[in-house]
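There are structures below to look over.
Both complexes shown next keep chain A, but they swap its partner, so chain B is in the first and chain C is in the second.
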Partner chain A sequence: MKAAPFLWTALGLVGATLARFAVADAAPGGMFGATLGATLALAAIAVLALFLAMVGFARGEGWFARLATPALFGFLLLWLWEMLVIGFAVPFVLLPPPSAIARAFGAHLALLTQDFAQTYLHAVIAGYALGCGAGFLVALAIDRSPFLKRGFLPMGNMISAMPIVGIAPIMVMWFGFEWPSKAAVVVVMTFFPMLVNTTAGLAEAGAIERDLMQSYAARYGATLLKLRLPAALPHIFTALKLNSTLALIGAVVAEFFGTPILGMGFRISTEAAKMNLDLVWATITVAALAGSLSFGALALLERAVTFWHPSFRGSS
Partner chain B sequence: MRGGRTSLAREGATLPLIAVILALIAVWYVGAVALNAPQAREQLAEGAGFRDLAAATWSMTRPVLPAPHQIAVELARSLFTHPITSPRSLVYHAWVTVSAALAGLGFALALGLLLAIGIVHVRLLDRSLMPWVIASQTVPVLAIAPMVVVVLGNLGITGLLPKAAIAGYLAFFPITVGMVKGLRAPDPLQLDLMRTYDARAMQVFSLLRFPASLGFLFPSLRIAVTLALVGAIVAELPTGAQAGLGARLLAGSYYGQTVQIWAALFMAAAMSMLGLAAVSLIETLAARRRGGRL
Partner chain C sequence: MTEVALLQPVMRDDLVIPEAVVSARDVSLVFDAGGQRVTALSGVDLTIAAGAFVSLIGPSGCGKTTFLRAIADLERPSSGQLLVNGMTPAEARRRRAYGYVFQAPALYPWRNVARNVMLPLEIMGLPRAERRARAARYLGLVGLGDFARKFPWQLSGGMQQRVSIARALAFEPKLLLMDEPFGALDEITRDGLNLHLHELWRRTGMTVVFVTHSIPEAVFLSTRIVVMSARPGRVVEIIENDLPATRDLDLRETSAFLAVAHRVREALRAGHSYD
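Right, the complex of A and B next:
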C-alpha cells in the first residue's frame, strides 16, 4: 500500500482537530478570537485531506483498506455534525453535538449500565432464547408431518409480515410492568422467523445425500443430526441474526407502553420528553453498540460453524 | 426459501392452512376461558356451572383475552357503524397511519434507489457508505422514533411528516441493500456484451442493470412495506397522538380496553396484508409485461 493515503489521513485528522477548536472560538463567547476565515480554511483543508485519504484507501485491497475507508467516512460524518452544530449554534434541544453525547455517556455511565441490564440482559436475552428455542423445536416437531408444515409455513410467513410490536400493550397488561412482559414481546417476535427459516433449512439437504443416508439404513434421528441439521445451519443463522435486531426493537418498544423506572426504552421516551437529548443519544449509542456487537458475534459464530458453506469458502 | 415456498404452495396449502387456523381459534377460545376465569368467577353466583363460566369469559367488557368473536364484533362496529371520516371509525385511524406509512415508503424508495445507484457506480461510495448502511440494519432504529417526533415537534412540525420520516427511515435500508444487490445482479458476460456495443453507463443502467434489479426490488419492497407500517405505528406512541392505529393501541392500554387493542392490532395486520398484496399485484403486472417472470 502506498504512503499517500496515510499522510492525507494524518493531515486531515490534524486539520479537523484544529478546526474543531477554531469553531469553538469563533462561536459567540470564544476567547482567542479565531476568525471565521481561519476556521473555514482549516475545515476545507480537513475535508479535502480526508476525502483524498478515502479515495486512496478505496483503491486499495486488503482488510485494512476495507476498514479504513468506512472508518474515515464515519469520522467525517461525526466531525461535520459537531462542526455544524457548534458553528451554527444549533439549540441543544434539537441536536446535541457528539462531544456532548460522549460527555453524557461518561457522566451517566452507571445509569446507562442499569438500563442496559434491565432491557438487554433480562428482557432481550431471556425472550430471545425462549423465542428462538421454541421456534426451532416447533419446526422440528412439524418436520415429520407435511400436512402441518403446509399449514404452519404460510401462517408463519403471514405473521412474520405483521406489525407484531403492536402486541406490546397486551403483553404489558398480562405480565406486568417488569421485564417479563418485554421478554414476552420478544418471544413472539422471534418465534416466527425462526420457525420459517428452520423449516426452510431442513428442506435444504440434497436428494443425493438423503439417498446416501437411506442406503446406510440411517434412522430419522441420525439423518436429522448428521445431515439435515448441519445443512439447515445457514438458514438458522439467518434467523438468529435477524432476531437479534428484532429482539432489541421489541424490548425497547414494549417499554414505551409501561415499565418500572428503568430500561432503555423508558430512558429514551422520558428523557426525550424532558429535552435531555444528550442522554437520549447516549442511550441510543448503547442500543446501537449492543445491536451491532450481538450481530457481529453471531456473524463470527456463523463463520466458525458453517465454514464449509459456499458464501464463506474462497473468502479469506 | 423461495423455491421452498412455491413448491409447498403448489401441493395445495389451503386445507392445512384452514386446519391450522381453526385449531388456533379453538386454542384461543380455551385460552380466553383460562385467562378470564379468575375475573369471571368474581361476577358469577356461587355454584355456577362450567357452561356459565365459559359464557361469561367470552362476553366480558374488559377481558384479559377477548374471544375472537368479540374482536370481530368490535371490528365490524368500528368499521361500519360510523362514517369513515369520524374519529370513532377505525377506517379513519387506519388511514391516518397508512398515509404516513405510504409517504415514508415513497421517500424510502426514492432515497434507496438513488443511494443504490450511487453505490453501484461510485467505488468510493461503495467502500465508505455501504458498510454503514449494512451496520445500521443491526441497530434498533425504532429506538430513535420518540426523539425524532419530539425534536420535529419542537420545530413546529407535527402530524404526518414526523411519522413519515420514521417510516421512511426504517423502510429505506432494505430497499437500498436489495437494490445494490439487484443492480449488481447482471453477470460479467452481459456487462461485457454491453461494452462491446459501446453502450454508455446510462444505457447499461436502463437496459441491463435496472431490469435485472426488479427481481430483487420486490422482495425488499415486501420487507419495507411492513417496516414502514411498524414505523408509522410506533411513531404515534411517544407523543400520545390523537389519531392513528398506534394512538388506538395506546388509548386502549391506558383505559384497559383490550377489545379495542385487539381490533386495532387486527386492523394493522390487515393493512400489512393489503400492502403485501399490492406489492404482489405490481410484481405480477411487471412480470406479465416482461413475458412471465422477473
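Right, the complex of A and C next:
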C-alpha cells in the first residue's frame, strides 16, 4: 500500500487535535472568540487531510484498507460532534461532547459493568435463548400439525405487530423486580419473529428437492434434517439477527417500568432524571457496542453457516 | 397398441412376468386443478422389460412426465393398474426400486459434490466407508472424480446434471427414471451426455425410462420409443428401435437412424402433435 494515505491520516489527526484545543480556548465565548481564525484554519486542514486519507484507503486492497475508511469516517463524525458542541457552547444537558462521555465511561466503569451484567448477561441472553428456542420448536410443531398452523400463525403474525414492551409492568407483577421479569419481556418479543421466520423457512425447500427425498422414501426426520432445516437457515438467521436487536431494546425499555437499583434501562432513566447526561450517554454507548457486536457476531456466523447461499457465494 | 406386449390381466402379484419392470394397464390420471378436472393420462397400456431403454416422447402436456412420476409414486393414478417390479409403485418406492433424475439437478447447495452423491446412501443407512467408496466410484463413472470437493454452484449445468446422475446411480437401482435430464443443456453438452448415458446403460444393464422432447435423443438412446399425444395424454404408438446396440454420434447421419426418426415423426403427426 502507498504511504500517502497514512501521511494524510497523521496530518488529519494532528490538525483535528490542535483544532480541538483551539476551539476549547475560544470557549465559552464560542467560536467567535479570539482564536476563531486559527480554529477554522486547523479544522479545514484536518477535514481536508482526513478526506484525502479516506479516499486513498478506499482505493486500497486488504482488510486494513477496508477497515480504515469507515474508522476514519467514524472519527470524523465524533470530532465534528465535539467541535460543534464546544464551539457553539451547546448546554451539557442537551448534548454532552464525546470527550465528556468518554470521561464518564472511564469514571463509572465498575457501575457500567454491573449494569451490563444485569441487563445483557442475564435478561437479554436468557430471554433471547428461551424466546428464539421456543419460537423454533413451536415452528417445528406447527409444521407437523395443520391444526396448529391454522390457529397459531395468524395469531403469531398479529402479536408480532404489537408493541410488546407494553407488557413489561405485567411481567414485573408476575415475575418480580429482578431480571427474570425483563427476560420474560424479551422471550415474548423474540418468540414470534422466530416462529414466523422459521415457518417461512421450512416452506423454502423446492418441489424437486422434496420429490427427491420422497423418491428415497426418506422419513419426515431425515427430510427435515437433510433438506428443510438447511434450506430454512437463511430465514432463521434473519430472525436471530432481528431478535438480537429486539432483545436489547426489550430488556432496556422493560427496566423503565420497575427494577432493582441496577441495569442499563434503570441507569438511563434515573441518571437522565438527575441531569447526569454524560452517564446516560455512556450507558447508551455500552448498549450500542453490545448490540452491534452481537449483531456482527451473528452476521459472521451466518456467513460461515450459509456460505452456500447465493448472497454469500464466492465472497469468502 | 399394436406392438405392445400386453400383459394378461394381473390379479395377484406373483402372476406378473418377472421380467416386466413396469407394467401399466389402462392407467388414467386426472388432476383436480382448482375445481377443473384435467385428464393427464388416459388408458395407458405399457410394459417395460428388464434391461430395456425406453423413451417417452411427445408434445408438452402429453403426460409423459406424469407417467414417469406415477411409476415413481410421486403421482397416484386415478384408475387402472400400475405395477413396478410386480409391486404397487408405493411399495416399490419404499423398497427403493428406482433412481430418479429430475429436469433440474436438484443438488443441495450446502453439500459438496461427493456429499450430494452420498445423500441417498445416508438416508438408506449405508456405512460410512461404503458411502465414500460408492461416491468415488460413481463420480468417476460420470467423469467427475476430480470435482468431489467442489460445491454444486461451482460447476457448469452439464456437470451438475452428471452429479445428479451419479447420485441416482450410487444406490445401484435396477431401474433409472429420467425426466428430460438434458433438456436445459446446450446441444454440444447434450450430445456428450447422451454418449455417456448410452455407455452407462450398456455397461450396467439396468432398465431406463427416459422422458424427452428430442427425437434424435430418443432414437439415439432407446431400444424402444413410446410416442404419446396430448389432451388427453395417451400412447399413440410404440416403435421398436433396432439400431445396433453399440452407438456413437456418427450413427445419427445414417439412413437407418433417419428412418427410425422419420417413423417417430410420423407417429407424432398421427397423434396431432403438430396441429
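FYI, the second predicted complex is superposed on the first by the 282 of 316 C-alpha atoms of A that agree within 3 Å, B and C clash if a C-alpha of one lies under 4 Å from a C-alpha of the other, contacts with A are read in each partner's own complex, and residues count from 1 in each chain.
Just so we're on the same page, a contact is a pair of C-beta atoms (placed from the backbone, for glycine too) under 8 Å apart; a residue touches a chain by one contact, two chains touch by 3 or more.
Because the structure is predicted, anything quoted here is derived from the model rather than measured.
Per the definitions stated earlier, placing chain B and chain C onto a shared chain A by superposition produces no clash, and the two fit side by side.
When the shared chain is aligned, chain C comes close enough to touch A:Trp308, but chain B does not. After superposing the two complexes on chain A, the angle subtended at the C-alpha centre of chain A by the centres of chain B and chain C comes to 80 degrees, rounded to the nearest 10.
Of the two partner chains, chain C is the only one that A:Gly206 touches; chain B does not reach it. With both structures placed on the common chain, the touch criterion links A:Gly291 to chain B but leaves chain C unconnected. In the overlay built on the shared chain, the residue A:Lys226 is in contact with chain C alone; chain B does not reach it. Between chain B and chain C, B contacts the larger number of chain A residues.
Once the two complexes are laid over each other on the shared chain, residue contacts for A:Leu262 go to neither chain B nor chain C. In the superposition on chain A, A:Ala139 contacts neither chain B nor chain C. In the superposition on chain A, contact of A:Gln214 is made with chain C only, not with chain B.
Touch criterion not met for A:Ala49: it reaches neither chain B nor chain C. Remark: least CA distance from chain B to chain C after fitting both complexes onto chain A is 11 Å. Across the complex, chain C is touched by residues 206, 208-209, 211-218, 222, 226-227, 230, 306, 308-310, 313 of chain A. Chain contact summary for the complex, chain C toward chain A: residues 72-74, 93-96, 98-100, 102-104, 106, 108-110, 119-120, 122-124, 151, 153. Against chain A, the residues of chain B that register as touching in their complex are 1, 4-5, 8-9, 11-13, 16-21, 24, 35, 64, 123-124, 126-132, 135, 137-144, 146-147, 150-151, 154-155, 222, 226, 229-230, 233-234, 237-238, 245, 249-250, 252-253, 256, 258, 261-262, 264-265, 268-269, 272-273, 276. On the side of chain A, the complex with chain B involves touching residues 54-55, 57-59, 65-66, 69-70, 72-74, 93-95, 146-155, 157-158, 161-163, 165-170, 172-174, 197, 199-200, 203, 235, 244-245, 248-249, 252-253, 256-258, 264-265, 268-269, 272-273, 275, 277, 280-281, 283-284, 287-288, 291-292, 294-296.
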